[in-house]
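So, here's a batch of structures to check.
Shared chain: chain A. Partners: chain B in the first complex, chain C in the second.
So, the complex of A and B:
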């Protein structure tokens, strides 16, 4: 495999609040290779968005960040704010869940696209930048792109705004695209359009992508590798098919068996995970999933490490019983009758 | 309770009709100017007729602006309908005077999407759950005693009653909302996106709870949601709405196995499935264009502007919701046959299909460019 584009080592993020220290992300390590799509999956409070914000250095100054983030040979946490700004929106771009908060309502879409292009390429003329902006909008499937550049964000529908933001994100041909719940606010038919656009944009630019989502359906069709987070920890990581069909983690399995299927018959009963996700301030002792885990034993009062499940360490799981779980049938593991 | 054989005493189709909605319309006026003159109307619900049978779950699905939420609220007259009738056990809800309406609402309760907004933050949960009983004249001591039972029924403990909403997680708050809806022993509960604010693992808990409660208390549900997987899971029959109209109405399995309306086809094909092999191998239809505004809906069939198989007639004539086979209704002039795919029909019509994606598995079907040449939809792939 090629050398990684992004290499995160032992990343931890903590916030000091009035209620105590929130350990939002604990010691996560992962790599992203050029051109690949890595999905980061988790429920609310799992730390999936915070870790992406840490990569982009978008967290408030109250956040304590530890660890190393190496992007294309540079240490991101050591970069000056000025150098970091050169990377943001250029080599690394981010697509947010809510495009209305990311687009400035008082400037036209064209203005913002042109600015995004010229800020990183000052030598490009306004006219050339506008031409590029129009071709970007056309690439993301906005009809009459040239005229649409003169619209304000409020004149765009939700799906179009999201496309405009994708256009902005890829306008400088980033090496890495971070998409944080890019379709969560959209209707199903629009979501399908936007996913198609993201795939097309990624193909056109060859960018690697980190897709942050709670939607396991979305992940199944887009990602090559999946990383499951829970309670601020990396719980399992592996190739997409491995995670869906040969997961060796009770949380991942529980998550998959919780999803109602649009293809299955209606009589099947869902197998939810009991209880609720842990508090980040006062997490359970030992394995953070222990209180909800049906396989938990006394051993689980000590925190498990990530166990390698193959030689290349592509598949790793944070569970004392990762190997034993492997003997079970994934589909049946979650169901209790 | 965990035994979940479909222990239906009789087929849903033979049971009595609890809720019968006929030609329900809700238009919101758009006013502007000094005199607040009406300059237009948002046609949120525009002539919906359907019925719900006892102990049945009728799912209502659709995208934003399709009128599903307005429809649910109009049934209880939380929003006054513009016209149409709602019969509850044969009695006209829309004609009921205030005291009678309150009586009727005992039997028709509602659970809302946002468990954070629908609970009073300054009221202990016990009071929130007891409130509807007190309003409807249950003696205080009796109401208090029942709160404990209700909290247990929804999987909480009676001691939880002393706490305030902020002390609960999202899933627990939704359980409280359900306990409150159950307090008056209603026959019908209208659930408006009851699980969409919850995490997947917790969502499944609440869905199972709703199924258990339905069996235990013989409840009839109207389940309004945008998530087709959840709706399929819980519903016996499903109505698909598009811009204030019912596009298709049939049993859950039939809707998924043999959808007749092209919109249903596209909607089902757009839903991602949490199975990589299925997801990467199936053909997906991606509709072009955005949802039109309900204040200015398209003429004729409201779906014709995005419909890949629309023909001239669809632009002019509103299709009636007609029964294709017993129990299967669709509002389409050119409904698809069972097993027929949109792609086949598009090819039969001699139209172009754009194929996107590396695997060639995604079909991007442009809508029919009526009149204006063929400028739209031809978004070149990269």
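So, the complex of A and C:
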């Protein structure tokens, strides 16, 4: 296997608030290899966005970040702000959740794209940057791209704005693209299109991608690997196929059985996971999923570690019973009532 | 855009008519303008002549219509309390004196309020932020005359006691024997500083609030994620947005400043519009009061229109059709 592009080890993020210390991310480790797509899946508050913001060094200064983040041989957390800025938007780019507010309303789309290009390539003329911006917009499927550059964000629809954000993200051919819930704020009808555009943009630049989503259904066909997060912890990680069909984690299985299916032959009820996500200030004792887990036993009052489930440690699960859990089909077919 | 401006100007006409009519009525009924004559030993004819001259025997609506129809032709009648000089000339002369304070004060206010507001928003909860906040609350809660009198005491009395010189004049606009530009500076400084301190206090709060809202917005995060230097993130992407809501406040403030500050002008014996209005009211000089009110109303209306037009320039989402 090639050496990883991004290697995160024991990353923890905590915020000190008036109510206590919020442990948003706890000791997560993962790697991303050049060109591959890693999906990070979890509910709101699972720490997926916070860990991405930590990678981009976009968290407020009140955040306490521990661990190491190595990107292309450099320690991101140790870089000076100036050196970090050379990477931001250049070698690592990010696409945000809400395209309606992510673009500055008082500048044209072209102005913002050209700015993104020229900040990292000061020698590129305005004219050349504009041409490049137009070709980026065309690549993400915006017709009449050259004229559209002179539009303000409010003259774009939500889907088009997200396309413009994607164009901005790939305009400097990043090595790593972080897409933080890129379709959550969009109409369901255009979500698939935007995912398609992201995929195309990624292929055009050869970037690796971290796709953050709470929608496990979106991940199939896009990501090679999936990483499931819960309560600021890594719960399961493995190749997409494995996670879908041979998950060894009760929480992942709960997520899978709450995906609606358009093709299910028998009419089945969606099986939501009962209860609410854990508090990041006072997490439950032991396994953080224990209060919501139907398999929980007394053993679950001690926190389980990540267990390797294959030789290469590609598939890992945080559950005492990872090996003993029954075959997937019983959980995923939804025959439970 | 042109049609919008025309429509806006037309729509201010009824506003001005209603406003001036209310002020006219209130001023006309608030005292007997002839009462000042009663102390002097004048004959019955003098009363008759004045009643005739100012139309005092007419009903108020008719007096208003008469006044308005000559006022729109630039004739606001004589001002009895000012030796019956034409009101229009006096008001214009005083408006110039007020502008000498208002315009420099406005520039100082705008620059300081933006700087302090942006700084204390970006460095929220820092020492500087607390200092600016403290200064603002002091400025907002203390009445204007406190600052004015304080400056007079410091520079008029204490400074003279300590150093034997008076760097600035504490009363009036010019000395009897004028000494050119230096003389002008010495008389203008203290009233300008008073206006500057008092208005900056509240404006820097508005600027801070607007900036805080902007720097926590998504597009600022986007700008940072692009790798833009912090200064550019704040000054280009942040300030440009944070200025939009403040334009209205500025325009209203500039309109009010040009309309004359009653308190500051009174403390520094400044011959401006604010003090002229006060004179007009106290002397029951209807023409004079109405003249000042008319100019001040026009200023406020004009600067509000300017604010709305500037909105359209600063915020591309606003289009005037």
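Just so we're on the same page, the second predicted complex is superposed on the first by the 323 of 337 C-alpha atoms of A that agree within 3 Å, B and C clash if a C-alpha of one lies under 4 Å from a C-alpha of the other, contacts with A are read in each partner's own complex, and residues count from 1 in each chain.
The definition used in the following text is that a contact is a pair of C-beta atoms (placed from the backbone, for glycine too) under 8 Å apart; a residue touches a chain by one contact, two chains touch by 3 or more.
The shown structure was predicted, so the numbers you read here are calculated from the model rather than taken from an experiment.
> Sticking to the clash and touch definitions up top, decide whether chain B and chain C on chain A clash or fit.
Once both complexes are aligned on chain A, chain B and chain C fit side by side.
> Considering only touches as defined above, state whether A:196 meets chain B (first), chain C (second), both or neither.
first
> For A:260, select first, second, both or neither according to whether it touches chain B, chain C, the two together, or no partner.
first
> Is A:282 touching the first partner chain B, the second partner chain C, both, or neither of them?
Touch partners of A:282: none, neither chain B nor chain C.
> Rounding to a multiple of 10°, what is the angle at chain A's Cα centre between the Cα centres of chain B and chain C in the superposition?
Placing chain A at the corner, the angle measures out to 80 degrees.
> Could you let me know whether more residues of chain A are touched by chain B or by chain C?
B
> Taking the superposition as given, does A:3 touch the first partner, chain B, the second, chain C, both, or neither?
A:3 contacts neither chain B nor chain C.
> With the two structures laid over each other on chain A, which partner does A:116 touch: chain B (first), chain C (second), both, or neither?
second
> If you stack the two complexes on chain A, which partner ends up touching A:89: first (chain B), second (chain C), both, or neither?
Only chain C is touched by A:89; chain B is not.
> Quick one: smallest Cα-Cα gap between chain B and chain C in the superposed arrangement, Å?
In the combined three-chain model, chain B comes within 8 Å of chain C at the C-alpha level.
> Within their complex, state which residues of chain A touch chain B.
43-44, 138-139, 141, 143, 157, 159-160, 187-193, 195-196, 199-201, 203-204, 214-221, 240-241, 244-245, 254-256, 258-274, 276-277, 336-337
> Which chain C residues qualify as touching chain A in the complex?
It comes out as residues 217-219, 221-230, 237, 240-241, 244, 314-317.
> Across the complex, what residues on chain B touch chain A?
2-4, 6, 63-64, 169, 171-172, 199-205, 207-208, 211, 226, 228-230, 232-236, 252-253, 256, 266-280, 284, 286-288, 290-291, 356-358, 362, 364, 375-377, 379-382
> Which of the residues in chain A end up touching chain C in this complex?
The contact residues of chain A facing chain C are 56, 58, 81, 85-90, 93-94, 96, 98, 101-108, 115-116, 119-120, 152, 154, 165, 168.
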